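For clarity, chains are labelled A, B, C and D in written order, and residue numbers in each chain start from 1.
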Amino acid sequence: MTNTIKVGIVGGTGYTGVELLRLLAQHPQVELHAITSRSEAGRPVAELFPNLRHRVDLAFIEPSVANLRECDVVFYATPNGTAMQQVPALLAAGVRVVDLAADFRLRDPATWQQWYALEHACPELLSQAVYGLPEFNREAIRGAQLVANPGCYATAVQLGFYPLLHAGAIATDGLIADCKSGVSGAGRTANLGILLAEAGENFRAYNVSGHRHLPEICQGLQQATGQAIGLTFVPHLVPMIRGIHVTLYAPIRDSTADFQAIFADCYRQEPCVDVLPAGMLPETRSVRGANQCRIAVQRPQQGSVLVVLAVIDNLVKGAAGQAVHNMNLMFGLPETAGLDGIALLP
Amino acid sequence: MTNTIKVGIVGGTGYTGVELLRLLAQHPQVELHAITSRSEAGRPVAELFPNLRHRVDLAFIEPSVANLRECDVVFYATPNGTAMQQVPALLAAGVRVVDLAADFRLRDPATWQQWYALEHACPELLSQAVYGLPEFNREAIRGAQLVANPGCYATAVQLGFYPLLHAGAIATDGLIADCKSGVSGAGRTANLGILLAEAGENFRAYNVSGHRHLPEICQGLQQATGQAIGLTFVPHLVPMIRGIHVTLYAPIRDSTADFQAIFADCYRQEPCVDVLPAGMLPETRSVRGANQCRIAVQRPQQGSVLVVLAVIDNLVKGAAGQAVHNMNLMFGLPETAGLDGIALLP
Amino acid sequence: MTNTIKVGIVGGTGYTGVELLRLLAQHPQVELHAITSRSEAGRPVAELFPNLRHRVDLAFIEPSVANLRECDVVFYATPNGTAMQQVPALLAAGVRVVDLAADFRLRDPATWQQWYALEHACPELLSQAVYGLPEFNREAIRGAQLVANPGCYATAVQLGFYPLLHAGAIATDGLIADCKSGVSGAGRTANLGILLAEAGENFRAYNVSGHRHLPEICQGLQQATGQAIGLTFVPHLVPMIRGIHVTLYAPIRDSTADFQAIFADCYRQEPCVDVLPAGMLPETRSVRGANQCRIAVQRPQQGSVLVVLAVIDNLVKGAAGQAVHNMNLMFGLPETAGLDGIALLP
Amino acid sequence: MTNTIKVGIVGGTGYTGVELLRLLAQHPQVELHAITSRSEAGRPVAELFPNLRHRVDLAFIEPSVANLRECDVVFYATPNGTAMQQVPALLAAGVRVVDLAADFRLRDPATWQQWYALEHACPELLSQAVYGLPEFNREAIRGAQLVANPGCYATAVQLGFYPLLHAGAIATDGLIADCKSGVSGAGRTANLGILLAEAGENFRAYNVSGHRHLPEICQGLQQATGQAIGLTFVPHLVPMIRGIHVTLYAPIRDSTADFQAIFADCYRQEPCVDVLPAGMLPETRSVRGANQCRIAVQRPQQGSVLVVLAVIDNLVKGAAGQAVHNMNLMFGLPETAGLDGIALLP
């Protein structure tokens, strides 16, 4: 039996924070040690998130490196640009870090600065950070000190395109990712656009001219396949709380390929990716609360365009669950420890 | 002042039926004469649809040609395959018909039979029926005895692709229509899949292998542009009641074209199509209850793929409202008579 | 034909503001003259509310008395405490005012100060203001310079209890109003609690210890019936956008009364109150977008407690629609001018 | 360590069925042995409920006593009137039974027949069945062969009223239960009224004249307190999937009582009832997916009416979770075995 892992969470008042708490409070080998929030310091966590009553006894504390040095691993569930200020000191103190924000996702500081409109505080760490998509980078994650947890859309889109690109079955240019997300992806922040009265009974696209997950996806697929990628990526807001559905379109390069088999073979051993049988389509509720990606492939009308459909829970496989998966890998635990909850349906 | 038009509705217990009633009850030149339903005969309409209390005094009656012969125009809001049984007799009696179902949308009987799995009862009428998309066929509709009201997806997709195809600005092959619809599009029928507990808080695609609006869209775009069309069409179900959002992707053929101007020029005179200013994106609630299509065009990252986004209310511009628009044209009324209600937001 | 009425709106960026605009833009005898917003001055109204594109051409302007003096009537759709700062100057200039906030709803300044935690800026106007519930105060509204438009809950609860209290059929103490509202009642403000991800798929009570509509309801029922009222009032938040449903419970005093007849008689002439036939229950969607209150009465198990159920659209009969009704009365127009839109169902 | 319990489920295609499967598949001491469905016999369970893929390998089988005799316990998740046909044979074979329907909830056959409009098939078992509300009947459940699992509303209402009645703090007559439920309470059945397009964005009461949980609640409270109960019970449908919120009103009898302490004392030892601190109000999402009842008490305006607010997940503490709790008691397992999942929020 491994020893208990002491865990800290920075920025625990958002949706990825409460989801980390839900998963970690049920994890058999984790001790929640510290959870920080500047705005809520002193307030019991369970007062903010009543689902955690009698399960998480901690109160929020002021964020400081001192508080976090005693942890074995610290999760950053903060806005972009926060983790990069503190991570160097933590790493120096021997603490491992999983950043759920975007600070360490892109390897090129110039690209990062272009998309995030900030100068990077520790560009020297970008090449050292491991991109935490277990299905691509399992071994590297095992040895990582610093893991960049992937974006939610980026997780689903990469898992959907990768097997086909790897097999050479589709073109690398003219790819399209039409993506749909529930509103929890926008975070627990008081923005007019995600009020129930604004986003309910409504459907719209956003950031059509450019979304920050675009360079992340292109970088990931290029690393995984060695090929430059031409991708059009349009995100949409769905009037629901949790869930991402991506519909991917690709020009078929090898029309004799067995597309179903390509997926089945690629993910056969993966505990968190479920390739659906031919003809079955995924739905977001089938992964609600679960650390799963369910995925299907179809070739409509036996035409020249292949369609891939994949779903994840944006807060679990798209954020907190994948972060715990990464922690499990980093500490040699069973990969799905604390992640075996069944999706809530209906 | 034009004379009052006597209107009949066949199959008034579904959502297109109640929406027709809402619009026609507020129409300045319409007299509701008869509304039929086999299952609800004898029951006051307003008992089924309490929003119509004190506004529609009719009761449902048994459907029969005799009942309908006194009408100037009859709307069929019936399941596919019903109108074609009765329409020949009505036309023979001099009654004009707008069919909101699919019976007269396809010109080729063999294609119709292939997609609808029924033998057509009056194939000789297929070439005579006018496809009721006013933006394409205004003059033909004015003189029509029989109008085939377009499908909801088909309306939005055609309005979105047409200007670009007509201008030669995009390719005619490799087109993609990623379409999202609220559940009222599935009708007022007791199907498990559209229960609130099944379709709420959920997002999924359906009919990926083939949807009946596909041949309709291809036929329409080919007629309008004289070009064969290669289209991949994937519909999705959104957890909301009303609204369709289509996201269209097309390979750019003429990269020097002014795409915004192409749309603005094409629809400048159209009372029911609103081209949004550059940079603004449409949302379904902006047309809730209104007979409008709002439409935008973007070229992300100045790349090789053009993106068109269009929204309609599936029950209005996608069904009942467009049917009333067609009636207005057929009877020489102002085009937007009875159709000037402002969308309900929020 | 009456002359056109020049209308101003102060604070037009909230939900009551956009609803006023929707109704007034369709009103046959209104000219929208000015709409103010400090935060959005200079911005076209239709940019904020795309449902109004091509229907409302105004831009927001800075609020000032000078701008508003040219109006015949000014609607205040502002937060509580704003109207009372400007209304005296407008009244002095001969402009009539309908305040949709609470500034003039309570007649006693001390009670107002107790519930709204502000000193009233013009307590001398409180006795002059007419409480704008047309069903109770029609004649007084006709002659009013200043109308206090009722609160949304207050409208439904008073319409539900009044006929029974007036008839002496129920007790005046031990009354219970269990009220449920869609989230648009909380306004278009960026509060965490009304995010889709917080209020969606959730149901909760709020302000159980005391809600500001309580003294308003008690005052109104006491004025209308001459009896002191003992009421327990608990509001709840429903995961939907529009609609209020109140469920009222009262000890029966006269068990021989014909409760159905009491309601039917009381509201027979009222254009905006619809008493449902015995056995039929109201639902909020039957009044979505319409200026109607639908109401039913039941005596379960022939017991000692009477149950009244009433629904309104909180933004229409509970706010903007009732305000327009009041304006129609004040200017001698047909009562339902601009208010005859049929509810949107589904 | 206790041996593994062999479990059968009859009628596993509804929402209580899938929820039982979710809980039991994660239960440390359960072996799922058989799940029956007449309509879906032969179909893998995970095909119907994709959240169970790779977690439940069973296929539905035809229901027959023979199939179920090998089980230690059988759960009936069937419509009312089914269990009573099979249960005598199972009990005779030594199998224990938990019925999630209403067949054994009422002790008096005449009352049962009056409310369920069926003659009871085994009235002799009614007195032998134990009413499975662990907080009231823990010891009796431990020894029971046949447990009648309480209704969802009945669970929340009884837990809310009981402590106050037991303490003599409220009257026993003039009680009011205003209850609100998500639509999953209506089951997975193709009824028009629970379509998303009918029940979404809508709020309404139903069964105001009489709901079957009324006699169950009255019987339970009378048994628990020895007092006859006068209750008015009005259920409402909320546009959400899971969750019940009950708002209870009672005339205060002892105005000096410490109501908060009465609840705290009553439920201090209960693992599945959480009394909130004074001033905090419950919300349904705080128990989504969890076997918890959260409860609060308030005395608005220090008046004569006490208000109790309680929430449960109708499918968990209101059905499947409570059934597993009963099983745990019947087999001497830790009470919360398999029931320690944290609620999913948001």
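One rule holds in what follows: contacts are C-beta pairs under 8 Å (C-beta built on N, C-alpha and C of every residue); 3 or more make two chains touch, one makes a residue touch a chain.
Bear in mind the structure is a predicted one, so any value in this text is a computation, not a measurement.
Per the C-alpha superposition, subunit A sits rotated 180 degrees relative to subunit B, a value rounded to a multiple of 5.
Relative to subunit B, the most remote chain by averaged C-alpha coordinates is D. Averaged C-alpha coordinates give centres for subunit C and subunit D that are 39 Å from one another.
For the pair subunit A and subunit C, the distance between C-alpha centroids works out to 45 Å. Touching two or more other chains at once are residues 15, 182, 184, 188, 197-198, 200-201, 239-242, 282-283, 285, 288, 346 of subunit A.
Listing the residues of subunit B that touch subunit C in their complex gives 15, 18, 22, 25-26, 49-55, 184, 188, 200-201, 241-242, 274, 276, 280, 282-283, 285-290, 294, 340-346. Contacts from subunit D toward subunit B in the complex involve residues 15, 182-184, 186, 188-192, 194-201, 239-241. Those residues of subunit A lying in contact with subunit B across their complex are 173-174, 176, 178, 180, 182, 197-198, 200-206, 208-210, 214, 230, 232-234, 236, 238-243, 245, 247, 249, 251, 279, 281-285, 288, 298, 300-301, 303-305, 307, 309, 311, 346.
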